[in-house]
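A single structure is presented below for examination.
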Amino acid sequence: MTWPSWWNLEVTAPFQLGPRELPGRVWTASGCFAYGLHAHEFTAADCPTPYAGLGAVVTKTVTPVSRAGNPMPRLVETPCGALNSIGLENVGFDAFLDTVLPELEALGVPTVVSLAATSPEAFGPMVRRLHEAAKGFAHWHGVELNLSCPNVAEGGHDFGGSPATVARCVAAARAELPDRALLAKLTPNVADIVQLAVAARDAGVDAVSAINTVVGLDVDLRTGRPYLPRRFGGYSGPAILPIALAKVDQIVQGAGVPVVGVGGIAAPEDALKFFALGAVAVQVGTAQMRDPFAAARIARALGQCSSS
Amino acid sequence: MTGARPSACAAVGAVRSNGLVSSAFHRLDVELDLPFDFLPGQFAMINEAGPRAWTFSRPFSILAAEDGVLSILYRVVGRGTAALAALGPGAALQVLGPLGEPFPTPQADRAAVLLGGGVGLPPVFAWLQRWGRPGDHAFFGARDGGEVPWDLLGDRWRVSVDRGEGLPGGRTAFTGVVTALAASAPDLPSHGSATVYACGPGPLLRAAADLARRRGWTCWVSLEEHMGCGYGVCKGCVVQVADDGRIRNATCCFEGPVFDATRLPDLGSPAPVPHAASGDIPPGSCGGAP
Amino acid sequence: MTWPSWWNLEVTAPFQLGPRELPGRVWTASGCFAYGLHAHEFTAADCPTPYAGLGAVVTKTVTPVSRAGNPMPRLVETPCGALNSIGLENVGFDAFLDTVLPELEALGVPTVVSLAATSPEAFGPMVRRLHEAAKGFAHWHGVELNLSCPNVAEGGHDFGGSPATVARCVAAARAELPDRALLAKLTPNVADIVQLAVAARDAGVDAVSAINTVVGLDVDLRTGRPYLPRRFGGYSGPAILPIALAKVDQIVQGAGVPVVGVGGIAAPEDALKFFALGAVAVQVGTAQMRDPFAAARIARALGQCSSS
Amino acid sequence: MTGARPSACAAVGAVRSNGLVSSAFHRLDVELDLPFDFLPGQFAMINEAGPRAWTFSRPFSILAAEDGVLSILYRVVGRGTAALAALGPGAALQVLGPLGEPFPTPQADRAAVLLGGGVGLPPVFAWLQRWGRPGDHAFFGARDGGEVPWDLLGDRWRVSVDRGEGLPGGRTAFTGVVTALAASAPDLPSHGSATVYACGPGPLLRAAADLARRRGWTCWVSLEEHMGCGYGVCKGCVVQVADDGRIRNATCCFEGPVFDATRLPDLGSPAPVPHAASGDIPPGSCGGAP
């Protein structure tokens, strides 16, 4: 591809995000690359490893207790994307701290840990324990709060929908995380995402990640019923790129907080669009499922151009 | 189960040939830009390259991989396989593989009973090619005689068909399901002295597990599930397995697709028990995964 | 295509919608077929006219005074859809009543009139004038309120975002429209579309149309700036189908009001998915731009199957 | 302007032939399932048929339409035209046309001056084919000699090129813009006695309008704008035209693409005045059209 004249960002150079310097601006998104440990021996003709040039692997969201997730089927492909209903299947916070994080550190994988909890205040103790367990880890760079989960303590509504709750989550985590980057991942399923970003900013976040998946549904024509057992799924992939770009633009213009762009990135050009709007970094989700080297290839393509 | 798997590569492929080898099975041969090794039972994720790629690649068992050419056998069932069937020589593909847990290697004291149903043939076919010994038994079942890839199978495979139509001259086939053919074979190994390797539709796998249980044989099955990534990262392909008497989710793509049939409640093996703890967040609309 | 066994709706047979019987369940959506008058002489090998089997043409939204619309470019194609920023260019209500509506009546085109206004109360007088102008018209079947426009009187926020305002719009129109179908077209750019549907239902609507376009943005890589002069556009086409299906399902399950499904329909299968969820009718928008016979062909395909 | 336009059909087409006719211009011939008539200056919306159709069809001027075969001439500039160029014989297309306002027919007392630039050739080429008289003048401009479709043009067209490269043996071309070639032609019609028909890039149209103004000629231009529907329903293709001294939006696809140059402020004709009333709803995020 030919590169636009305005483009001059070094995506594979370190950059400062809050208290922490991260090694690059192209990351993998939570939930689409597991804990980052399944592909480290994979090979490709054009890329040394799936981590090459990556700024971070955002690990699959972990919850205080492990989860078995939702019934199958959990995925539907649509013409330009997919719906997922994984239901946050994960190994649980303890196993994550005991086995996953040390392995990432040993492999030297730059890591941002995605967390979900059952109440805003539960994030504080989780972050504190993470901090203790990862003391001295050189490759653990930050925490991303997944705020799109039902808030059990407050009636099952999404954490993510209320600015006040977003603020409480961020404040609880920030208090325990002075020296690593803190990100809040916002849901697009609201009328005004800028309010959420402002709340996160005021509560001390270093950046917001936008966007998580969009609520969608597909019908199984054989039965006439929703294809996913829980009816709704999270819509991701190229189809949501224009929606993600709109939300990122709104936040950049309206909230004055650094933004990590997520949603629909499958090619270097897609990532460029987020950077053009002012995103400080990007995450590759669904495309990483098809190609374990997707983010690395995007980083390489964008890196080559800025260094030439 | 079988020790070290060959590590996977994300290869770029070019179609060498792609066409019907029977009335229903297509064979695709793809030249890859990287060396490619595999163990029988493993699969590859395949997709078109470039802007026409589908969101998710599709899993196909590996039939063979020699001199940088990967071969699969497939049936057209939907949009991805229809698109695949339309590709001509030179078309660009992306290939990720080999992936998944292969079939175990042979045991000296046990004969192998290979059971392949329809496009479940590749993994058991590849097993026989790689590991087969004179005393092993190979059975293949298809819907009718026209569907059977006779040239590929040669003489070693005994064939069953649901309906006798389409049998080419000079070929014979048992009419009935492939497990019935196997069960009625005069030269079958005795109680406890065989291992079944099976791949095919659900009913075939259930019948295979049942046959093995009755004969005291070990039984390995290769499962099919919908897949997103094929390499263990999305949790989109889980199957229920029994571990220590409890049922938990295992990824079909990474812990499988080959499983010991006795671990699979869905094949009628152990009695299902409740799920392992689901954590303290209720199911429902969940972050990125409502 | 082969038809699912559960499918038995006669989409080309008349059906009752509130006080009015409409001739069919496949409609064209507002803004994608203008006033329905540009294609009536078009021919196709498989369809007698673009109106064949249609339940209604929903005309381009008209406003009290004509509008010149937004600057060019107004459209961007995305891989699975498009963004538009037409800016409601329209001939104005007077010209619509004087010339457009009589022509539709003369041609026998089943018509639903889409209206927007500057305050909720302005809908009352518009509907009254429409009613007077169309007295005795056999083919004018109803009004669709486009509630996704800025509410000037109330600070420029979208009418469509507030249940209370939706209720006022519907009530004002309903009071003047006893004998034609009244629909409110809802915006998807809210946290909870069910609340809007409930408000519309309680205020006396006969059905809600869901959805209007989703806010999106695309970047022009040559400049690094948003491609559309007004940055944001309305996202439509196949990419939004899963979002529209989700919203329709939420309304059907949660609001108990008839729903007309709109969003992403390009093939008979897409329309079927809305009917499977309980929609009483569907509208074809973006696909109608590519093919003036799109809705007619969908009606024909679905009609053939149910009558066989 | 010219009275009755042939009514449009939504046809299904099959590619008969598709390939380069010069270094940069492709010619596509499509067989249609419906009779197809057109007037020079009209265009057709073209798209792939089936699931690979783009959201919006692409507009192309009609070069010819004979015996059910529609011909266009195109340059690859983006994704749609690249996809078009990749289609081989038999590929299915959807075609909507003929559309738009054609060029006016000839006037007995005025010679025609045809100006075509690059892929702006088709409408003026079709005009000459249909209406051309011995005294009409045809000029075609291209970037270089290789780009010129010499065989198509024959002897009637005088050719200009920006750069002299790529001129085949035995061909001559003026070096410079096509309007300069026309202005310098020794046999040009006198003041007030010609009509210009022009299609090509913006600078060509501006120069054509300017030439016509200076010579007192009528000037018709065919404009290009981004299009959504091509048949007047989306308002996605408006251009500013002056009517009664006021500027208003006209759809390029339905009121155009052919306009009287004196109505187009963008071609330097009348002085722009403020927009017609924009209604009482402010611009901004608007229903289905934010």
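In this document, chain identifiers A, B, C and D correspond to the written order of the chains, with residue numbering beginning at 1 in each.
Keep this in mind: a residue touches a chain if its C-beta (ideal position, glycine included) is under 8 Å from a C-beta of that chain, and two chains touch if they have at least 3 such contacts.
Just so it is clear, the model here is predicted, and its values are computed rather than measured.
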* Common touching chains of chain C and chain A -> none
* Taking CA centroids for every chain, report which one is farthest away from chain C. => B
* Measuring from the mean C-alpha position of chain B to the mean C-alpha position of chain C, what distance in angstrom results? -> 48
* Mean-CA-position distance for chain D and chain B (Å) -> 57
* Find the geometric centre of each of chain C and chain D from their Cα atoms only, then give the gap between the two centres in Å, rounded to an integer. => 34
* To do: Any chance you could list the residues of chain B touching two or more other chains?
  => none
* What are the residues of chain A that contact at least two other chains? -> 78-81, 215, 232-233, 238
* If you look only at chain C, which of its residues touch chain A in the complex? -> 4, 6-7, 78-81, 83, 161, 189-191, 214-219, 221-226, 231-233, 235, 238-243, 245-246, 249, 269, 272-273, 276-277
* Structure fact -> Note: in the complex, chain D contacts chain C through residues 7-12, 33-34, 45, 47, 53-57, 94, 96, 225-226, 228-229, 231-239, 248-249, 254, 275-290
* Asked: Tell me, which parts of chain C touch chain D in their complex?
  -> 30-34, 38-39, 41-45, 47, 60-61, 63-70, 72-75, 77-78, 80-82, 84-90, 92, 116, 118, 146-150, 152, 156, 158, 160, 185, 212-213, 215, 230, 232-234, 236-238, 285-286, 288-293
